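The data blocks that follow each hold one structure.
Okay, so subunit A shows up in both of these, paired with subunit B first and subunit C after.
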Partner chain A sequence: MIELLAITDDATPPEPPLVAVRSGGLSALCAPAEDAAVTADTLWRREAMLEELMEDRDLLPVRFGTRVADEAAAARAVAERRTELEAGLERVRGAVELSLRVHAPEPADAPPPEASSGSAYMHAKATRTQAAARLHEPLAGLARASVVRPAPELLRAAYLIEREAIEPFVARVRELQREHPALSLLCTGPWPPYSFAEDPS
Partner chain B sequence: MKDKVLAGPLGRDLDPFASDRHGLGDALTRRVNADPESVERGLAQLVLTIVELLRQLMERQALRRVDGGSLSDEQVERLGRTFMELDRRMTQLRDEFGLTEEDLNLDLGPLGRLL
Partner chain C sequence: MTGSPVAQQDVALVDLLDRLLGGGVVIAGDITLSVAGVDLVYVGLRALVTSVATAEEKQLPR
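After this line comes the complex of A and B, so read on.
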(Lines of atoms letter the chains of each structure in order from A and count residues from 1; the text may use other names and numbers.)
(Lines give C-alpha, C1' and ligand atoms only; values in the text may rest on other atoms or scores of the structure.)
Protein backbone atom coordinates (compact mmCIF):
# COMPACT_ATOMS: atom_id res chain seq x y z
CA MET A 1 0.00 0.00 0.00
CA ILE A 2 1.09 3.54 -0.65
CA GLU A 3 -0.31 6.71 0.77
CA LEU A 4 -1.08 9.74 -1.38
CA LEU A 5 0.29 12.98 0.04
CA ALA A 6 -0.22 15.58 -2.64
CA ILE A 7 -0.86 16.26 -6.31
CA THR A 8 1.45 18.50 -8.29
CA ASP A 9 2.26 19.39 -11.88
CA ASP A 10 5.88 20.11 -11.04
CA ALA A 11 8.37 17.55 -12.39
CA THR A 12 10.99 17.94 -9.61
CA PRO A 13 11.40 14.46 -8.09
CA PRO A 14 10.83 14.25 -4.31
CA GLU A 15 13.43 12.92 -1.85
CA PRO A 16 13.23 9.14 -1.22
CA PRO A 17 11.33 7.34 0.27
CA LEU A 18 8.75 9.58 -1.40
CA VAL A 19 7.98 8.85 -5.03
CA ALA A 20 6.26 10.79 -7.79
CA VAL A 21 3.74 8.75 -9.80
CA ARG A 22 3.26 10.49 -13.15
CA SER A 23 -0.03 10.60 -14.97
CA GLY A 24 -0.16 12.95 -17.93
CA GLY A 25 1.19 16.30 -16.78
CA LEU A 26 0.33 15.58 -13.15
CA SER A 27 2.18 13.68 -10.42
CA ALA A 28 0.87 12.04 -7.27
CA LEU A 29 3.47 12.40 -4.52
CA CYS A 30 3.28 9.20 -2.47
CA ALA A 31 4.87 7.72 0.64
CA PRO A 32 5.02 4.08 1.78
CA ALA A 33 1.90 3.51 3.94
CA GLU A 34 2.61 3.02 7.65
CA ASP A 35 0.39 0.82 9.77
CA ALA A 36 1.15 2.50 13.08
CA ALA A 37 -1.73 3.97 15.11
CA VAL A 38 -2.62 7.51 14.15
CA THR A 39 -1.38 9.99 16.72
CA ALA A 40 -0.80 13.70 16.78
CA ASP A 41 2.86 12.95 16.03
CA THR A 42 1.95 10.99 12.88
CA LEU A 43 -0.03 13.99 11.69
CA TRP A 44 2.84 16.38 12.39
CA ARG A 45 5.29 14.13 10.53
CA ARG A 46 3.02 14.15 7.51
CA GLU A 47 2.63 17.90 7.85
CA ALA A 48 6.43 18.32 7.88
CA MET A 49 6.69 16.21 4.69
CA LEU A 50 4.04 18.28 2.95
CA GLU A 51 5.68 21.54 3.98
CA GLU A 52 9.01 20.40 2.65
CA LEU A 53 7.39 19.46 -0.66
CA MET A 54 5.54 22.76 -0.71
CA GLU A 55 8.80 24.73 -0.55
CA ASP A 56 9.81 23.60 -4.04
CA ARG A 57 6.49 23.24 -5.83
CA ASP A 58 2.80 24.12 -5.97
CA LEU A 59 0.68 21.27 -4.68
CA LEU A 60 -2.80 20.17 -3.68
CA PRO A 61 -2.73 18.28 -0.36
CA VAL A 62 -4.59 14.96 -0.47
CA ARG A 63 -7.01 14.10 2.35
CA PHE A 64 -5.22 12.35 5.22
CA GLY A 65 -5.43 8.56 5.08
CA THR A 66 -5.94 8.25 1.30
CA ARG A 67 -4.29 4.94 0.38
CA VAL A 68 -4.15 2.91 -2.80
CA ALA A 69 -2.76 -0.52 -3.61
CA ASP A 70 0.13 0.46 -5.86
CA GLU A 71 1.53 3.06 -8.23
CA ALA A 72 -0.78 2.00 -11.05
CA ALA A 73 -3.82 2.64 -8.83
CA ALA A 74 -2.39 6.04 -7.84
CA ALA A 75 -2.00 6.96 -11.52
CA ARG A 76 -5.59 5.88 -12.21
CA ALA A 77 -6.91 7.94 -9.28
CA VAL A 78 -5.19 11.02 -10.70
CA ALA A 79 -6.31 10.35 -14.28
CA GLU A 80 -9.96 10.04 -13.20
CA ARG A 81 -10.00 13.53 -11.72
CA ARG A 82 -7.56 15.24 -14.06
CA THR A 83 -9.66 18.30 -14.95
CA GLU A 84 -10.64 18.97 -11.37
CA LEU A 85 -7.06 18.57 -10.12
CA GLU A 86 -5.65 20.82 -12.83
CA ALA A 87 -8.18 23.53 -11.97
CA GLY A 88 -7.31 23.09 -8.28
CA LEU A 89 -3.61 23.57 -8.96
CA GLU A 90 -4.34 26.76 -10.91
CA ARG A 91 -6.42 28.00 -7.98
CA VAL A 92 -3.59 27.62 -5.44
CA ARG A 93 -0.59 28.33 -7.69
CA GLY A 94 2.01 30.47 -5.93
CA ALA A 95 -0.10 30.71 -2.80
CA VAL A 96 -0.20 29.24 0.71
CA GLU A 97 -2.87 28.96 3.36
CA LEU A 98 -2.82 31.15 6.44
CA SER A 99 -5.16 30.42 9.30
CA LEU A 100 -6.75 32.90 11.67
CA ARG A 101 -8.51 32.16 14.94
CA VAL A 102 -10.01 34.83 17.14
CA HIS A 103 -11.12 34.41 20.72
CA ALA A 104 -13.18 37.08 22.42
CA PRO A 105 -13.33 37.36 26.20
CA GLU A 106 -16.61 36.41 27.87
CA PRO A 107 -19.38 37.23 27.40
CA ALA A 108 -18.89 38.03 23.69
CA ASP A 109 -17.23 34.67 23.11
CA ALA A 110 -20.09 32.60 24.51
CA PRO A 111 -23.70 32.45 23.39
CA PRO A 112 -25.56 34.72 25.76
CA PRO A 113 -27.95 32.35 27.55
CA GLU A 114 -28.27 34.82 30.42
CA ALA A 115 -29.72 37.48 28.10
CA SER A 116 -32.68 39.09 29.77
CA SER A 117 -34.93 39.09 26.72
CA GLY A 118 -35.24 37.71 23.22
CA SER A 119 -34.30 41.06 21.74
CA ALA A 120 -31.19 41.27 23.93
CA TYR A 121 -30.22 37.77 22.76
CA MET A 122 -30.62 38.67 19.09
CA HIS A 123 -28.75 41.92 19.66
CA ALA A 124 -25.83 40.10 21.31
CA LYS A 125 -25.70 37.62 18.42
CA ALA A 126 -25.75 40.42 15.84
CA THR A 127 -22.95 42.27 17.65
CA ARG A 128 -20.85 39.13 17.58
CA THR A 129 -21.44 38.56 13.86
CA GLN A 130 -20.51 42.17 13.11
CA ALA A 131 -17.37 41.93 15.24
CA ALA A 132 -16.29 38.85 13.26
CA ALA A 133 -17.00 40.58 9.94
CA ARG A 134 -14.93 43.63 10.95
CA LEU A 135 -11.91 41.37 11.32
CA HIS A 136 -12.56 39.04 8.41
CA GLU A 137 -13.41 41.53 5.68
CA PRO A 138 -10.18 43.56 5.60
CA LEU A 139 -8.19 40.30 5.59
CA ALA A 140 -10.33 38.65 2.93
CA GLY A 141 -9.60 41.71 0.79
CA LEU A 142 -5.89 40.79 0.86
CA ALA A 143 -6.52 37.14 -0.03
CA ARG A 144 -7.03 35.32 -3.32
CA ALA A 145 -9.77 33.32 -1.59
CA SER A 146 -11.04 32.83 1.94
CA VAL A 147 -13.20 30.44 3.91
CA VAL A 148 -14.94 31.08 7.24
CA ARG A 149 -15.54 27.93 9.26
CA PRO A 150 -18.19 27.36 11.89
CA ALA A 151 -16.49 27.51 15.27
CA PRO A 152 -17.23 28.21 18.90
CA GLU A 153 -14.74 31.08 18.91
CA LEU A 154 -15.52 34.48 17.42
CA LEU A 155 -13.85 33.75 14.08
CA ARG A 156 -12.07 30.81 12.45
CA ALA A 157 -11.01 31.43 8.89
CA ALA A 158 -8.51 30.36 6.27
CA TYR A 159 -7.00 32.66 3.65
CA LEU A 160 -5.26 31.77 0.40
CA ILE A 161 -2.33 34.19 0.20
CA GLU A 162 0.32 34.71 -2.49
CA ARG A 163 3.71 33.74 -1.11
CA GLU A 164 4.98 37.31 -1.57
CA ALA A 165 1.95 38.74 0.23
CA ILE A 166 2.40 36.85 3.51
CA GLU A 167 4.21 39.74 5.20
CA PRO A 168 1.60 42.43 4.46
CA PHE A 169 -1.16 40.02 5.52
CA VAL A 170 0.52 39.26 8.84
CA ALA A 171 1.17 42.98 9.35
CA ARG A 172 -2.56 43.63 8.87
CA VAL A 173 -3.37 40.92 11.43
CA ARG A 174 -1.01 42.60 13.93
CA GLU A 175 -2.69 45.93 13.20
CA LEU A 176 -6.13 44.42 13.84
CA GLN A 177 -4.82 42.92 17.08
CA ARG A 178 -3.66 46.39 18.20
CA GLU A 179 -7.01 47.89 17.21
CA HIS A 180 -8.86 45.22 19.23
CA PRO A 181 -6.74 44.68 22.35
CA ALA A 182 -9.54 42.78 24.13
CA LEU A 183 -9.54 40.02 21.49
CA SER A 184 -6.91 37.31 21.01
CA LEU A 185 -5.90 36.86 17.38
CA LEU A 186 -3.79 33.88 16.38
CA CYS A 187 -2.49 33.71 12.83
CA THR A 188 -0.60 30.56 11.82
CA GLY A 189 1.03 29.25 8.67
CA PRO A 190 2.14 28.99 6.04
CA TRP A 191 0.13 25.77 5.59
CA PRO A 192 -0.44 23.66 2.50
CA PRO A 193 -3.69 24.91 0.95
CA TYR A 194 -5.88 22.37 2.82
CA SER A 195 -8.99 24.55 2.78
CA PHE A 196 -8.67 25.31 -0.91
CA ALA A 197 -7.86 21.87 -2.30
CA GLU A 198 -11.49 21.60 -3.32
CA ASP A 199 -13.35 24.41 -5.04
CA PRO A 200 -14.67 26.48 -2.11
CA SER A 201 -17.49 28.00 -4.17
CA MET B 1 8.69 21.57 13.30
CA LYS B 2 9.07 25.24 12.55
CA ASP B 3 7.16 27.77 14.62
CA LYS B 4 3.86 28.18 12.81
CA VAL B 5 2.72 31.25 14.73
CA LEU B 6 2.94 34.25 12.42
CA ALA B 7 1.11 36.66 14.69
CA GLY B 8 -0.06 35.89 18.20
CA PRO B 9 -2.16 37.71 20.76
CA LEU B 10 -0.65 40.57 22.77
CA GLY B 11 1.80 39.07 25.25
CA ARG B 12 1.65 35.87 23.17
CA ASP B 13 -0.81 34.30 25.58
CA LEU B 14 -2.02 31.22 23.70
CA ASP B 15 -4.10 29.83 26.59
CA PRO B 16 -7.47 30.57 24.94
CA PHE B 17 -6.43 28.33 22.04
CA ALA B 18 -4.98 25.51 24.13
CA SER B 19 -8.19 23.47 24.45
CA ASP B 20 -7.85 22.37 20.80
CA ARG B 21 -4.87 20.19 21.58
CA HIS B 22 -7.08 17.90 23.66
CA GLY B 23 -9.71 18.03 20.95
CA LEU B 24 -7.24 16.50 18.49
CA GLY B 25 -6.32 13.65 20.84
CA ASP B 26 -10.01 12.95 21.51
CA ALA B 27 -10.87 12.97 17.84
CA LEU B 28 -8.11 10.49 17.05
CA THR B 29 -9.09 8.02 19.76
CA ARG B 30 -12.81 8.39 19.06
CA ARG B 31 -12.32 7.23 15.50
CA VAL B 32 -11.15 3.78 16.54
CA ASN B 33 -13.27 3.39 19.68
CA ALA B 34 -16.38 1.46 18.57
CA ASP B 35 -17.64 -0.22 21.76
CA PRO B 36 -21.46 -0.23 22.27
CA GLU B 37 -21.50 2.71 24.69
CA SER B 38 -19.54 4.97 22.43
CA VAL B 39 -21.73 3.96 19.49
CA GLU B 40 -24.71 5.52 21.25
CA ARG B 41 -22.72 8.63 21.98
CA GLY B 42 -21.49 8.66 18.41
CA LEU B 43 -25.05 8.52 17.11
CA ALA B 44 -26.10 11.33 19.45
CA GLN B 45 -23.14 13.33 18.24
CA LEU B 46 -24.12 12.85 14.62
CA VAL B 47 -27.77 13.80 15.19
CA LEU B 48 -26.91 16.79 17.36
CA THR B 49 -24.37 17.96 14.80
CA ILE B 50 -27.08 18.10 12.14
CA VAL B 51 -29.50 19.85 14.51
CA GLU B 52 -26.81 22.35 15.45
CA LEU B 53 -26.07 22.99 11.77
CA LEU B 54 -29.76 23.75 11.12
CA ARG B 55 -30.01 25.88 14.25
CA GLN B 56 -27.04 27.98 13.18
CA LEU B 57 -28.40 28.35 9.65
CA MET B 58 -31.79 29.49 10.92
CA GLU B 59 -30.21 31.85 13.39
CA ARG B 60 -28.08 33.38 10.66
CA GLN B 61 -31.13 33.83 8.46
CA ALA B 62 -33.03 35.42 11.36
CA LEU B 63 -30.14 37.82 12.03
CA ARG B 64 -30.23 38.89 8.40
CA ARG B 65 -33.93 39.65 8.67
CA VAL B 66 -33.39 41.60 11.88
CA ASP B 67 -30.60 43.55 10.14
CA GLY B 68 -32.87 44.20 7.19
CA GLY B 69 -35.29 45.93 9.57
CA SER B 70 -38.35 44.15 8.15
CA LEU B 71 -39.40 42.73 11.54
CA SER B 72 -41.39 44.41 14.28
CA ASP B 73 -39.94 44.64 17.80
CA GLU B 74 -42.39 41.99 18.91
CA GLN B 75 -41.28 39.61 16.16
CA VAL B 76 -37.61 40.15 17.03
CA GLU B 77 -38.39 39.45 20.67
CA ARG B 78 -40.21 36.24 19.78
CA LEU B 79 -37.44 35.04 17.46
CA GLY B 80 -34.85 35.82 20.10
CA ARG B 81 -36.74 33.85 22.73
CA THR B 82 -37.03 30.87 20.39
CA PHE B 83 -33.33 30.82 19.61
CA MET B 84 -32.41 31.38 23.23
CA GLU B 85 -34.53 28.37 24.19
CA LEU B 86 -33.03 26.24 21.38
CA ASP B 87 -29.57 27.23 22.50
CA ARG B 88 -30.38 26.24 26.09
CA ARG B 89 -31.82 22.88 25.02
CA MET B 90 -28.81 22.11 22.84
CA THR B 91 -26.49 22.81 25.77
CA GLN B 92 -28.57 20.45 27.94
CA LEU B 93 -28.48 17.66 25.35
CA ARG B 94 -24.76 18.14 24.82
CA ASP B 95 -24.15 17.83 28.55
CA GLU B 96 -26.36 14.77 28.75
CA PHE B 97 -24.21 12.95 26.18
CA GLY B 98 -20.97 14.39 27.47
CA LEU B 99 -20.31 16.29 24.26
CA THR B 100 -18.57 19.63 23.91
CA GLU B 101 -19.43 22.44 21.55
CA GLU B 102 -16.37 21.45 19.55
CA ASP B 103 -17.68 17.86 19.15
CA LEU B 104 -20.64 19.21 17.16
CA ASN B 105 -18.32 21.07 14.91
CA LEU B 106 -17.55 18.27 12.48
CA ASP B 107 -16.31 19.35 9.13
CA LEU B 108 -19.23 18.54 6.87
CA GLY B 109 -17.21 19.20 3.75
CA PRO B 110 -18.99 21.50 1.35
CA LEU B 111 -22.00 21.63 3.70
CA GLY B 112 -19.87 23.10 6.45
CA ARG B 113 -19.23 26.11 4.31
CA LEU B 114 -22.90 27.06 4.39
CA LEU B 115 -22.24 28.46 7.85
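After this line comes the complex of A and C, so read on.
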Protein backbone atom coordinates (compact mmCIF):
# COMPACT_ATOMS: atom_id res chain seq x y z
CA MET A 1 0.00 0.00 0.00
CA ILE A 2 1.10 3.57 -0.63
CA GLU A 3 -0.20 6.73 0.96
CA LEU A 4 -1.10 9.77 -1.14
CA LEU A 5 0.20 12.97 0.41
CA ALA A 6 -0.31 15.68 -2.18
CA ILE A 7 -1.15 16.48 -5.79
CA THR A 8 1.05 18.83 -7.79
CA ASP A 9 1.60 19.89 -11.39
CA ASP A 10 5.29 20.58 -10.75
CA ALA A 11 7.66 18.02 -12.28
CA THR A 12 10.45 18.42 -9.66
CA PRO A 13 11.08 14.93 -8.25
CA PRO A 14 10.63 14.61 -4.47
CA GLU A 15 13.34 13.25 -2.15
CA PRO A 16 13.20 9.48 -1.45
CA PRO A 17 11.33 7.69 0.10
CA LEU A 18 8.69 9.88 -1.56
CA VAL A 19 7.81 9.12 -5.16
CA ALA A 20 5.95 11.11 -7.80
CA VAL A 21 3.32 9.11 -9.71
CA ARG A 22 2.63 10.90 -13.01
CA SER A 23 -0.85 11.07 -14.49
CA GLY A 24 -1.16 13.45 -17.41
CA GLY A 25 0.28 16.79 -16.31
CA LEU A 26 -0.33 15.99 -12.64
CA SER A 27 1.75 14.07 -10.09
CA ALA A 28 0.61 12.31 -6.93
CA LEU A 29 3.34 12.59 -4.30
CA CYS A 30 3.24 9.30 -2.41
CA ALA A 31 4.98 7.66 0.53
CA PRO A 32 5.17 4.00 1.61
CA ALA A 33 2.14 3.40 3.88
CA GLU A 34 3.03 2.84 7.54
CA ASP A 35 0.97 0.82 9.97
CA ALA A 36 2.35 2.46 13.09
CA ALA A 37 -0.14 3.95 15.56
CA VAL A 38 -1.02 7.57 14.94
CA THR A 39 0.56 9.90 17.47
CA ALA A 40 1.16 13.62 17.56
CA ASP A 41 4.73 12.92 16.41
CA THR A 42 3.68 10.96 13.33
CA LEU A 43 1.21 13.72 12.42
CA TRP A 44 3.90 16.38 12.72
CA ARG A 45 6.37 14.30 10.68
CA ARG A 46 3.80 14.03 7.88
CA GLU A 47 3.15 17.76 8.17
CA ALA A 48 6.89 18.51 7.97
CA MET A 49 7.12 16.46 4.74
CA LEU A 50 4.25 18.40 3.19
CA GLU A 51 5.71 21.74 4.25
CA GLU A 52 9.06 20.83 2.73
CA LEU A 53 7.34 19.90 -0.54
CA MET A 54 5.34 23.13 -0.39
CA GLU A 55 8.53 25.22 -0.33
CA ASP A 56 9.37 24.25 -3.91
CA ARG A 57 5.99 23.68 -5.54
CA ASP A 58 2.28 24.44 -5.49
CA LEU A 59 0.35 21.49 -4.10
CA LEU A 60 -3.02 20.26 -2.92
CA PRO A 61 -2.80 18.22 0.29
CA VAL A 62 -4.71 14.93 0.00
CA ARG A 63 -7.26 14.00 2.71
CA PHE A 64 -5.32 12.46 5.61
CA GLY A 65 -4.97 8.67 5.52
CA THR A 66 -5.79 8.13 1.83
CA ARG A 67 -4.16 4.89 0.64
CA VAL A 68 -4.16 2.92 -2.59
CA ALA A 69 -2.78 -0.49 -3.53
CA ASP A 70 0.00 0.63 -5.88
CA GLU A 71 1.25 3.34 -8.25
CA ALA A 72 -1.14 2.29 -11.03
CA ALA A 73 -4.08 2.75 -8.65
CA ALA A 74 -2.72 6.17 -7.62
CA ALA A 75 -2.52 7.27 -11.26
CA ARG A 76 -6.11 6.07 -11.90
CA ALA A 77 -7.41 7.90 -8.81
CA VAL A 78 -5.79 11.14 -9.98
CA ALA A 79 -7.14 10.73 -13.52
CA GLU A 80 -10.68 10.34 -12.13
CA ARG A 81 -10.62 13.82 -10.61
CA ARG A 82 -8.31 15.58 -13.08
CA THR A 83 -10.59 18.57 -13.74
CA GLU A 84 -11.20 19.34 -10.06
CA LEU A 85 -7.52 18.84 -9.20
CA GLU A 86 -6.35 21.21 -11.93
CA ALA A 87 -8.90 23.82 -10.81
CA GLY A 88 -7.80 23.32 -7.20
CA LEU A 89 -4.14 23.91 -8.07
CA GLU A 90 -5.06 27.15 -9.86
CA ARG A 91 -7.09 28.22 -6.79
CA VAL A 92 -4.13 27.84 -4.38
CA ARG A 93 -1.22 28.71 -6.69
CA GLY A 94 1.35 30.88 -4.92
CA ALA A 95 -0.67 30.92 -1.69
CA VAL A 96 -0.60 29.35 1.78
CA GLU A 97 -3.20 28.85 4.48
CA LEU A 98 -3.24 30.78 7.75
CA SER A 99 -5.45 29.78 10.65
CA LEU A 100 -7.10 32.03 13.22
CA ARG A 101 -8.88 31.07 16.43
CA VAL A 102 -10.32 33.73 18.70
CA HIS A 103 -11.33 33.07 22.29
CA ALA A 104 -13.57 35.51 24.12
CA PRO A 105 -13.85 35.55 27.90
CA GLU A 106 -17.31 34.73 29.29
CA PRO A 107 -18.73 37.73 31.16
CA ALA A 108 -18.27 36.90 34.87
CA ASP A 109 -21.70 38.27 35.86
CA ALA A 110 -23.63 36.57 33.04
CA PRO A 111 -26.67 34.64 34.28
CA PRO A 112 -26.64 30.89 33.59
CA PRO A 113 -28.18 30.16 30.18
CA GLU A 114 -31.35 28.53 31.60
CA ALA A 115 -32.08 31.67 33.65
CA SER A 116 -31.88 34.07 30.75
CA SER A 117 -34.84 34.79 28.51
CA GLY A 118 -35.04 33.76 24.88
CA SER A 119 -34.56 37.31 23.71
CA ALA A 120 -31.52 37.81 25.95
CA TYR A 121 -30.04 34.65 24.46
CA MET A 122 -30.74 35.84 20.92
CA HIS A 123 -29.23 39.22 21.74
CA ALA A 124 -26.06 37.64 23.14
CA LYS A 125 -25.79 35.43 20.07
CA ALA A 126 -26.16 38.39 17.68
CA THR A 127 -23.53 40.33 19.64
CA ARG A 128 -21.09 37.41 19.29
CA THR A 129 -21.78 37.14 15.56
CA GLN A 130 -21.07 40.87 15.13
CA ALA A 131 -17.88 40.65 17.20
CA ALA A 132 -16.66 37.72 15.06
CA ALA A 133 -17.48 39.63 11.85
CA ARG A 134 -15.51 42.68 13.04
CA LEU A 135 -12.43 40.46 13.29
CA HIS A 136 -13.04 38.29 10.26
CA GLU A 137 -13.96 40.91 7.66
CA PRO A 138 -10.76 42.99 7.65
CA LEU A 139 -8.72 39.77 7.46
CA ALA A 140 -10.88 38.24 4.73
CA GLY A 141 -10.21 41.43 2.76
CA LEU A 142 -6.50 40.55 2.69
CA ALA A 143 -7.14 36.95 1.59
CA ARG A 144 -7.73 35.34 -1.79
CA ALA A 145 -10.37 33.19 -0.10
CA SER A 146 -11.53 32.42 3.44
CA VAL A 147 -13.70 29.95 5.33
CA VAL A 148 -15.29 30.24 8.77
CA ARG A 149 -15.82 26.97 10.62
CA PRO A 150 -18.43 26.28 13.27
CA ALA A 151 -16.55 26.21 16.58
CA PRO A 152 -16.99 26.80 20.30
CA GLU A 153 -14.65 29.79 20.07
CA LEU A 154 -15.80 33.23 19.01
CA LEU A 155 -14.16 32.67 15.61
CA ARG A 156 -12.37 29.79 13.88
CA ALA A 157 -11.35 30.68 10.34
CA ALA A 158 -8.88 29.80 7.60
CA TYR A 159 -7.48 32.29 5.09
CA LEU A 160 -5.81 31.61 1.75
CA ILE A 161 -2.99 34.15 1.60
CA GLU A 162 -0.54 34.91 -1.17
CA ARG A 163 3.01 34.32 0.05
CA GLU A 164 3.96 37.99 -0.23
CA ALA A 165 0.85 38.96 1.77
CA ILE A 166 1.72 36.84 4.84
CA GLU A 167 3.53 39.69 6.63
CA PRO A 168 0.74 42.27 6.14
CA PHE A 169 -1.82 39.67 7.25
CA VAL A 170 0.06 38.85 10.46
CA ALA A 171 0.56 42.57 11.12
CA ARG A 172 -3.21 43.08 10.80
CA VAL A 173 -3.84 40.22 13.24
CA ARG A 174 -1.50 41.94 15.73
CA GLU A 175 -3.36 45.22 15.26
CA LEU A 176 -6.70 43.50 15.89
CA GLN A 177 -5.27 41.93 19.04
CA ARG A 178 -4.22 45.39 20.26
CA GLU A 179 -7.66 46.81 19.43
CA HIS A 180 -9.38 43.96 21.31
CA PRO A 181 -7.24 43.30 24.41
CA ALA A 182 -9.97 41.22 26.10
CA LEU A 183 -9.87 38.64 23.28
CA SER A 184 -7.18 36.05 22.55
CA LEU A 185 -6.23 35.78 18.89
CA LEU A 186 -4.23 32.69 17.94
CA CYS A 187 -2.87 32.74 14.39
CA THR A 188 -0.93 29.71 13.08
CA GLY A 189 0.69 28.84 9.78
CA PRO A 190 1.73 28.92 7.06
CA TRP A 191 -0.08 25.64 6.43
CA PRO A 192 -0.47 23.77 3.16
CA PRO A 193 -3.86 24.83 1.75
CA TYR A 194 -5.89 22.04 3.44
CA SER A 195 -9.07 24.11 3.74
CA PHE A 196 -8.99 25.20 0.10
CA ALA A 197 -8.03 21.92 -1.57
CA GLU A 198 -11.71 21.26 -2.29
CA ASP A 199 -13.72 24.19 -3.65
CA PRO A 200 -14.93 25.85 -0.43
CA SER A 201 -17.83 27.66 -2.13
CA MET B 1 4.33 25.41 11.42
CA THR B 2 6.75 22.60 12.15
CA GLY B 3 9.60 24.90 13.14
CA SER B 4 7.83 26.29 16.20
CA PRO B 5 8.90 25.69 19.80
CA VAL B 6 7.28 22.73 21.57
CA ALA B 7 4.60 24.65 23.49
CA GLN B 8 3.50 26.41 20.34
CA GLN B 9 3.31 23.07 18.52
CA ASP B 10 1.03 21.77 21.26
CA VAL B 11 -1.30 24.69 20.73
CA ALA B 12 -1.03 24.36 16.95
CA LEU B 13 -1.90 20.65 17.07
CA VAL B 14 -5.56 21.62 17.39
CA ASP B 15 -5.19 23.54 14.12
CA LEU B 16 -3.34 20.65 12.47
CA LEU B 17 -6.01 18.12 13.51
CA ASP B 18 -8.75 20.46 12.35
CA ARG B 19 -7.13 20.46 8.91
CA LEU B 20 -6.29 16.77 8.75
CA LEU B 21 -9.81 15.69 9.73
CA GLY B 22 -11.74 18.10 7.56
CA GLY B 23 -9.33 19.33 4.89
CA GLY B 24 -7.43 18.04 1.91
CA VAL B 25 -8.62 16.96 -1.47
CA VAL B 26 -10.65 13.75 -1.67
CA ILE B 27 -9.08 11.06 -3.87
CA ALA B 28 -10.48 7.57 -4.40
CA GLY B 29 -8.75 5.15 -2.06
CA ASP B 30 -9.08 3.56 1.33
CA ILE B 31 -9.06 5.78 4.35
CA THR B 32 -7.33 3.31 6.61
CA LEU B 33 -6.98 5.50 9.64
CA SER B 34 -9.68 4.91 12.24
CA VAL B 35 -11.44 8.06 13.32
CA ALA B 36 -11.59 6.67 16.84
CA GLY B 37 -7.79 6.73 16.95
CA VAL B 38 -7.66 10.36 15.92
CA ASP B 39 -10.32 11.31 18.41
CA LEU B 40 -8.16 9.82 21.14
CA VAL B 41 -5.16 11.85 20.07
CA TYR B 42 -7.33 14.92 19.79
CA VAL B 43 -8.86 14.50 23.24
CA GLY B 44 -5.49 13.83 24.82
CA LEU B 45 -3.92 16.86 23.24
CA ARG B 46 -6.85 19.11 23.95
CA ALA B 47 -6.09 18.59 27.61
CA LEU B 48 -2.51 19.62 26.92
CA VAL B 49 -3.57 22.64 24.90
CA THR B 50 -5.87 23.67 27.71
CA SER B 51 -3.00 23.76 30.18
CA VAL B 52 -0.80 25.74 27.79
CA ALA B 53 -3.61 28.10 26.90
CA THR B 54 -4.57 28.75 30.51
CA ALA B 55 -1.31 30.49 31.16
CA GLU B 56 -1.47 32.53 27.98
CA GLU B 57 -5.09 33.22 27.36
CA LYS B 58 -6.96 32.98 30.70
CA GLN B 59 -9.73 31.42 28.62
CA LEU B 60 -10.07 27.69 28.16
CA PRO B 61 -10.87 26.19 24.79
CA ARG B 62 -13.96 24.05 25.29
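Here is the rule we go by: the second predicted complex is superposed on the first by the 193 of 201 C-alpha atoms of A that agree within 3 Å, B and C clash if a C-alpha of one lies under 4 Å from a C-alpha of the other, contacts with A are read in each partner's own complex, and residues count from 1 in each chain.
FYI, a residue touches a chain if its C-beta (ideal position, glycine included) is under 8 Å from a C-beta of that chain, and two chains touch if they have at least 3 such contacts.
For clarity, every value in this text was computed on a predicted model and none was experimentally measured.
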| item | value |
| --- | --- |
| First (subunit B), second (subunit C), both or neither touched by A:48 | both |
| Contacts of A:14 with subunit B and subunit C, given as first, second, both or neither | neither |
| Which superposed partner A:33 touches (first subunit B, second subunit C, both, neither) | second |
| Partner chain in contact with A:149 - subunit B first, subunit C second, else both or neither | both |
| Touching partner for A:78 - first (subunit B), second (subunit C), both, neither | second |
| Which superposed partner A:67 touches (first subunit B, second subunit C, both, neither) | second |
| Subunit B versus subunit C as contact partner of A:198, first or second or both or neither | both |
| Subunit B and subunit C contact sites that coincide on subunit A, given as residue numbers | 37-40, 43-44, 47-48, 51, 101, 103, 149, 152-153, 184, 186, 188-189, 191, 198 |
| Residues of subunit B touching subunit A in the complex | 1-2, 4-10, 13-14, 16-17, 21, 24-25, 28, 31-32, 53, 56, 59-60, 62-63, 66-67, 73, 76-84, 87-88, 91, 101-102, 105, 107, 109-110, 112-113, 115 |
| Contact footprint of subunit A on subunit C as seen in their complex | 1-2, 9, 11-33, 37-38, 41, 45, 53, 56-59, 61-62 |
| Interface residues, subunit A side, partner subunit B - complex | 37-40, 43-44, 47-48, 51, 98, 101, 103, 111, 113, 115, 117-122, 125-126, 129, 147-153, 166, 170, 173-174, 177-178, 181, 183-189, 191, 198, 200 |
| In the complex with subunit C, residue positions of subunit A that touch it | 1, 4, 7, 28, 33, 37-40, 43-44, 47-48, 51, 60-68, 73-74, 76-78, 80-81, 84-85, 88, 97, 99, 101, 103-106, 149, 152-153, 156, 158, 184, 186, 188-191, 194-195, 197-198 |
